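Right, one structure below, let's go through it.
The first chain written gets the first letter, and so on, giving A, B and C; residue counts start at 1 in each chain.
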Amino acid sequence: MSERQTLMSARQLTKRFGGLAAVNDVNVDLWLGHIHAVIGPNGAGKSTLTNLLSGDLPPTSGTITLDGHDITGWTPEKISRHRLGRSYQKTNIFRTFSVWDNVRLAAQSRERHAPWNPLRWLQSAAGLTAVNQRCERAIDLAGLTQRSQTVAATISHGEQRQLEIAMVLATDAEVMLLDEPLAGMGSEESAKMVEVLKRLRQTRAILLVEHDMDAVFAVADTITVMVNGEVLESGPPAQIKASVAVQQAYLGSEDSFHV
Amino acid sequence: MSAPQTHLEILPRSVQLLLVLGLAALIAFPFVGTNFYIDMVNRMMILAIFAMSLDLLQGVTGLVSLGHAAYFGIAGYALAFLTPEGAPVSLYTSLPLAVGGSALAALIIGFLVVRTQGIYFIMVTMAFAQMVFFLFFDNKALGGSDGLFLNFKPDAVLIDLENKQVFYFFTLACLVGVYAFLRRLLWSPFGRALSGIRVNEHRMRALGFGTFSHKLAAFTLAGALAGLAGYLWAAQSGFVNPELMGFHMSAHAIMMVILGGMGNFAGAIIGAFSFEMLLHVFKDLPAVGNFETGKHWQMWMGLFIVALIVFAPKGILGLITRLFARKEERHE
Amino acid sequence: MDLVNFSIQLLNSVQYGLLLFMLAAGLTLIFGIMGVVNLAHGSFYMLGAFLAWSLSGMLGSFTLAIIVGTVLSVVFGLLLEKLLFKHFYHRDHLDQVLLTFGLIYVFEEMRSMLWGDDVHGVQIPEALSASIALTDTLSYPVYRLFMSGVCLLLALGLYLLISKTRLGMKIRAGAFNHEMTEALGVNISLIHAVVFALGVGLASIAGMIAAPISSVYPNMGSQVLIMCFVVVVIGGIGSVRGALIAALLVGLVDTFGKVLLPQVSGMLVYVLMAAVLLYKPEGLFKQ
């Protein structure tokens, strides 16, 4: 195994809500050039894990490291500025803006813009070439070029999922946390997205929370299976596919584990 | 570059035309109007600046402040304190000081208030404005409930502001300047970020924007511009009292912005003029038999506001665009 | 300050605080459960006061005036909810602010047309007009104790209603999760109507019992409204317990402030609010 560069890791990460441990003593590593998928039946704690890593939820205990910094307890803004991006399971876009404006704003976030600088009050946002380029590239990669002038609330659900991805791409994030990016997409769109993920893999570390098993096994380098907030098993796809424990975990749950 | 917004940031042709005509009318007015009406239109222009400052906060950033009048009043009082009994004060020192005072107050109060959300924000802005109100109302040294008089308009050296028409054009210049500045700001990176905060603050934070500092900057800038309006008001009327900072004044500002249509500053101007004219209409209503219709103007104003919220929540501009949208549909 | 004076101020603080609680409790419940910000809440207080004045004149009895007045206020509140407020639960806060601001104007004018613009006094009923002697020169009015007593009783009643009855459970459920409560078959519109009527009733009763002490005058609603908002902010939206504690705090700060630091007394309560906000931006007892 070649030398793996760890961009993000979590150790003994735990989140309790009252007496319930939604995430319990979870370790996870994200390496450059590597897609790490997290799967598990509903209620396994996958979304909570994502929220913990992105800073949307403070952990009860445990540590999170990003690019060498201990980011445990940091705000989402601060974490995002350290080149982490996430997409949401429940579409979280700017509904009244056009697709272009959505992605443009995401691209703009990378500019060092102090709100108190009066020069920034008089500049034209549409004239920021670097931002526009990043925006165009992200929209292209996500396959939304035809729809860039349309208001985000009026595009199809699958296209909104694509928009979610485009926004993360526009931030040029090095570590990407993708929470069910394929949910609601048709098979053609999913296949396209899988290709996008493969292309991105080389220059990023990606955490992929997903239910779509075909996509997961087509693209993941490591798969972690979570059940009831804990890691049941973690390893290469072949190992997970053959694991009896994983099969049993899915038995009796609504999700199926057919690959 | 962007598609049509539901929040009407890009002004349709009809509205642009309206604004140009309005400007022409405002320029021509002092040459045909009497002193009484010049004063009245001057006041409307000042209120339009006040309304635009609130629109930045409310229409663009989505922060509903029930205490914006505090910054209007503070600058007015600053001018009153800076103007000596026997001589005018320089425009070039008093204006920056007064506006700076309002900005500072907005910065301090904003720092405390911007950390709150939703209903809280509405209530705390109101509470702090009341605090400022009582600060002036209860203290004789600050003028107390009677307020303060200004014996002179500021001295501008190059132009004579004591001349009604000169002051009028000075106000008009400020109005146009503030409008141009704010329109420019709306499409700047800062303005785009503020709009993003209004639409989805959570996502803005997730994208790495420091939303607290953005909101605080907007709050302070809005306070400064409200201060400009308050300064002009004090200069024009020659009198300041705590009511300028009161709850009713803040609520009037909100109504002006809503009446015209939020988020594009043109609506704020239209709303300010319409609101004042409406107020005059209601107050001057002829008596019906024994019933003094005009005396009960608050009733008509109140009912009008209720009707506005129920039937036309997007204000006058909303109605205009709906009207013209329907016309376009028929042509197709 | 000697013990007697201190006790008097303390009693005054508690009385003022409890009165504020009556208003704040309704406001915080209406905010917390229906999500409506109602700037006209102070108008119900004014309504109560004016009803107390006019009804005690007409009926000759203060007690009767309170009973009839409460009924009338609650009916008025229910009508208002059904015809107007009901349609604004899902609207923007901004729209609600404006709507209720417009209502303030309308209510002020209605008051003007019904009862005129003069200031009126209301007689303290005979039975409560005595004073308890504390020293040779100082005494404490029984009526103020009566006011505190009524507020405490109503506060207790509210507590029992919300925490011990099935209706109270439904109210709490509705505050917690709207759709779920509705799905469970609870008549959510009925809950809303009850909560609104409760809020109006409490505010109105507060105005009625305060009338003999504070007099009855135009605009009395707006002044008390601000204090009410401060109490709700400090206590935390939706928390009745928070409203009680915050109201008592405000009562203490305001009353003792006026005595000890009169030059800044008007601002003290806001300083308190600022301090709370720095430490807890959502109030002390936010749900």
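Basically, contacts are C-beta pairs under 8 Å (C-beta built on N, C-alpha and C of every residue); 3 or more make two chains touch, one makes a residue touch a chain.
Every value quoted in this text rests on a predicted model; they were computed, and no experiment measured them.
Visitor: Could you say which chain's mean Cα position falls nearest to the mean Cα position of the entire protein shown?
Guide: Of the chains present, the most centrally placed is B.
Visitor: Determine, using the mean of C-alpha atoms as each chain's centre, which chain is farthest from chain A.
Guide: C
Visitor: Measuring centre to centre with CA averages, how many angstrom lie between chain A and chain B?
Guide: Result: the chain centres lie 43 Å from each other.
Visitor: Could you state the distance in Å from the CA-based centre of chain B to that of chain C?
Guide: 32
Visitor: Which integer distance in Å separates the CA centroid of chain A from that of chain C?
Guide: 49
Visitor: Spell out the residues on chain A that touch chain B in their complex, using ranges where they run on.
Guide: 54, 56, 75-77, 80-81, 85-86, 92-98, 100-101, 104-106, 108-111, 113-116, 120-126, 128, 149-151, 167, 171
Visitor: Residue numbers of chain B touching chain A in their complex, please.
Guide: 1-7, 181, 184-185, 187-193, 195-196, 199-200, 202-211, 213-214, 216-218, 221
Visitor: In their shared complex, at which residues does chain C touch chain B?
Guide: 31, 35, 37, 84, 87, 91-95, 97-99, 101-110, 112-113, 222, 226, 229-230, 232-233, 237, 263, 266-267, 270, 273-274, 277-278, 281-283
Visitor: List the residues on chain B that touch chain C in their complex, please.
Guide: Residues 58, 64, 66, 112-113, 115-120, 122-124, 126-128, 130-131, 134-135, 137-139, 247, 251, 254-255, 258, 296, 298-299, 301-306, 308-310, 313 of chain B touch chain C in their complex.
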